[in-house]
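Chain IDs A, B, C and D follow the sequence of writing; residue 1 opens each chain.
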Amino acid sequence: MSKRMVIRKRIWEIIEVAKPGDTASKVFDFFILALIFLNVVAVILESVEALERRFHLAFEVFELFSVAVFSLEYVARIWSCVSLPQYAKPLTGRLRFIFKPLSIIDLVAVLPFYLSFVSVDLRVIRMLRLLRIFRVAKLTRYSSVMRLFGRVFKDKKEELALTFMLMLGLIILVSSLMYFAEHEAQPDKFPDIPSAMWWSVVTLTTVGYGDIYPVTTLGKVLAGLSAILGVGMFALPTGILGASFVEEIQKQKAGRKCCPHCGGEL
Amino acid sequence: MSKRMVIRKRIWEIIEVAKPGDTASKVFDFFILALIFLNVVAVILESVEALERRFHLAFEVFELFSVAVFSLEYVARIWSCVSLPQYAKPLTGRLRFIFKPLSIIDLVAVLPFYLSFVSVDLRVIRMLRLLRIFRVAKLTRYSSVMRLFGRVFKDKKEELALTFMLMLGLIILVSSLMYFAEHEAQPDKFPDIPSAMWWSVVTLTTVGYGDIYPVTTLGKVLAGLSAILGVGMFALPTGILGASFVEEIQKQKAGRKCCPHCGGEL
Amino acid sequence: MSKRMVIRKRIWEIIEVAKPGDTASKVFDFFILALIFLNVVAVILESVEALERRFHLAFEVFELFSVAVFSLEYVARIWSCVSLPQYAKPLTGRLRFIFKPLSIIDLVAVLPFYLSFVSVDLRVIRMLRLLRIFRVAKLTRYSSVMRLFGRVFKDKKEELALTFMLMLGLIILVSSLMYFAEHEAQPDKFPDIPSAMWWSVVTLTTVGYGDIYPVTTLGKVLAGLSAILGVGMFALPTGILGASFVEEIQKQKAGRKCCPHCGGEL
Amino acid sequence: MSKRMVIRKRIWEIIEVAKPGDTASKVFDFFILALIFLNVVAVILESVEALERRFHLAFEVFELFSVAVFSLEYVARIWSCVSLPQYAKPLTGRLRFIFKPLSIIDLVAVLPFYLSFVSVDLRVIRMLRLLRIFRVAKLTRYSSVMRLFGRVFKDKKEELALTFMLMLGLIILVSSLMYFAEHEAQPDKFPDIPSAMWWSVVTLTTVGYGDIYPVTTLGKVLAGLSAILGVGMFALPTGILGASFVEEIQKQKAGRKCCPHCGGEL
């Protein structure tokens, strides 16, 4: 194995999630994690005008630094990935690696910065700056939560699909009825069914801002009934996810297979 | 079997939910499903004045087309149903078929259109146009969700009946108390018990628009207590439905009989 | 057994919840149930000023009729209760019967009417009229829901007591903090801790009318944390009651003893 | 054992939670509990200006009395703790005792009073007066609820940690999106991401005060989706806590080991 390959292999190890005992890699991981965290904080603080005005330069410098690091990391990954047998082929291997979800996330984390030079539309640029928030996605590589959550969703996708179909149907139905009941009394609040759908969502999730609510008797009766009947529907996913979530963690804790809903052994 | 009967039988097969391998029928089903979906979208978009004004003709044409298709489908069903042994009798068989729930839904899907010629009252016509939203009910024939949901409700009807009785009792009780507490302070918000009932529903479902809320100390104390105690009551159906829902899906997944509440085998 | 005793016994049977096959008693029960139901409706409708003005006389007559019936029923019960062995003693037996919960409810159902002659304060009289709503309590004798619900509460009283203690503690704590955070910024909204408690209840039950909400940064941070942490606490009783409720119904359905939380056999 | 030691031991017994049959200690415990309860009530009532002005002296006296009692109790504890073998050493033993959580709570219960002489800043003093609310923490020594709750949290700390991480991520993500969607339309309501975070919390907990809500179409769509998807996430802890809570109480009721989620025996 040529010296060059040895170095490349080592770099790959360092960039990848640390193996137990590999201090250099641990340090690197921690550094990246900290940088991601600081980036999220930066995006949030930067949105505060006073701070932005005062620390403009600091934010810029930090952004440049972050982009530099993440870009280097990205390049290094693509360069060193070939030290894995499955990506051994210099060209085709690297290409396959580039199109791995995790690699794409790494690209998306830096791309906005470079794109912001192309565009001139301020709104687009502000959006691109905001997209940095998705650098948080880089955590996926390190976090078990994301993986856990992924499994939960995958495990219950049918149930969730069904409930969301029911929700959608309910929203459409209730919205049409409310539109019919309230349109004439409040043409400004219920101008059309889509607006009524906003009302439905706000009501059936029990958020109830109070920006739109029925005023006619018919409207109030319909709204009352939909609330009583619909709220349950909208809480179904919670129950389903909750159950699955608890179950998944149960499985982790004790490797044993257990009843999908009560955690008891089967 | 006469050629005519053969054709009739074939048409029946095509109209009905497709059997595996019957491409013609599959295509027809897909076409109907798409049409239903587009009808729902149309009703929603049509309610947006700007769109309605701009694409008025398109909406009209699409409506005529949909009604034509659904009417033809309906007639074809009634004509060809006799190819089933249980509806073999030309007259009595067809009559029994016409009064099947699914047939009635098919009729309701087109009836409003024809009725809209009878009436002249604009409000009625607008309502009839809205009723098209119920064409979504035609999905029942195809969707397993509806059947699943039907089973869930049937399976837990006692529990739900009980809880809804409790809710009703709670609403009446709380409303009367709040009416007594708030009527004098806010005669406009709590003019009578029915208005107080609107308040109760909005509060106990935790929607809380903020259009009505108690202002007197007594009212706030009563409201606070009812909220703390009542919210739980109103979340009962959720728990019951959720449990039953999960259970039903469990049954589907694994044909085996399982505990009605934890999905574990008995 | 003297003829008088026979009659008395028969009257007792008729007044009591009907035994299977006892038509006369069934009819009487149904009559009382209908009357209770109509009384509730009457109280609600009577609160609507327009109706009250228009049908004042009708309401009065119906009220007199109801009171007459319920009074007679009450007297008849006390007179005929002695036909039960345990209340056989004319005086002491009847006294013990009078102080049975169900008997007290029957008394409470008519008492307000008679009291309304004593008082002259209009507010008191209006309250007494409202108290008629509690005639619904007479249903207890007939409804299995009430009994079921009683059992559920009795079965889970410890859990509920604990959670309500936690809630109270949480309300006091959060209220004090919010009072400290918001008092200066909104002396009118958070004048004192009791007002802050109203805010806590409205927030932690997620009703959120929007009549009071924090405006200071500290207040918003505290409110956000209490919402995230507290909402769960306030939903505990729901879970507990829901579980117990489902379980109780399970028991009823199948007489068998089953796991208090998953309905599975033990 | 010298007379002095005997007395000290006896005082320790009295101060500590009463052993069955030790009347003197029972009386003392009850007295302390009552005092704690009255202190909480006092803090609440004192915040009501009218009462404060009217009963100022009474509140002062009661406060002095409470502090005196709690201080004495604290000193007595430290003095008599040495009668326990593990704290036998006069100096080091007492020091170790002073730094026990429960001892610190006892100190915190009286410290604010003494500190209020140091400071002159009225705001600080008002805060110190409010801190008396934490005297409720002294209940920890007596209440099993607190211990139960502690266990519940300890038992489910992983699940809760995970869900709270998810919540935080969700809040940050949703807030950034909403900030982008609404900032231009409502620069006063969504001036920066932190403000948008307040909106997220109020929405995802379904409190929905109505002080901030989206007005743009994009904003409403994003808000609707986040509500539908996010509400479930925020209800997860409830499910987890609820399950664990019920389970813990199950364990208490029947000493037996039971399934961590359905309370059924394993």
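Just so it is clear, contacts are C-beta pairs under 8 Å (C-beta built on N, C-alpha and C of every residue); 3 or more make two chains touch, one makes a residue touch a chain.
Fair warning: this is a prediction, and the values are worked out from it, not measured in the lab.
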item	value
Touching both chain A and chain D (chains)	B, C
Chain copies touching (chain B, chain C) - same or different residues, decided at half shared	different
Mean-CA-position distance for chain D and chain B (Å)	46
Where chain C and chain D are represented by their mean Cα positions, the distance between them in whole Å	33
Multi-partner residues of chain D (each touching 2 or more other chains)	197, 206-210, 235, 238-239, 243, 259, 261-262, 264
Residue numbers on chain C that touch chain B, as the complex places them	40, 43-44, 47-49, 126-127, 130, 133, 136, 143, 145, 148-149, 164, 167, 197-198, 201-202, 205-211, 234-235, 237-239, 241-243, 245-246, 249-250, 253, 261-265
Chain C-touching residues of chain A, taken from the complex the two chains share	206, 208-210, 261-262, 264
Of all residues in chain B, those that touch chain C in their complex	158-159, 162-163, 165-166, 169, 172-173, 175-176, 179-180, 191-194, 197, 203, 206-210, 213, 220, 223-224, 227-228, 231-233, 235-236, 238-240, 243, 259-262, 264, 266
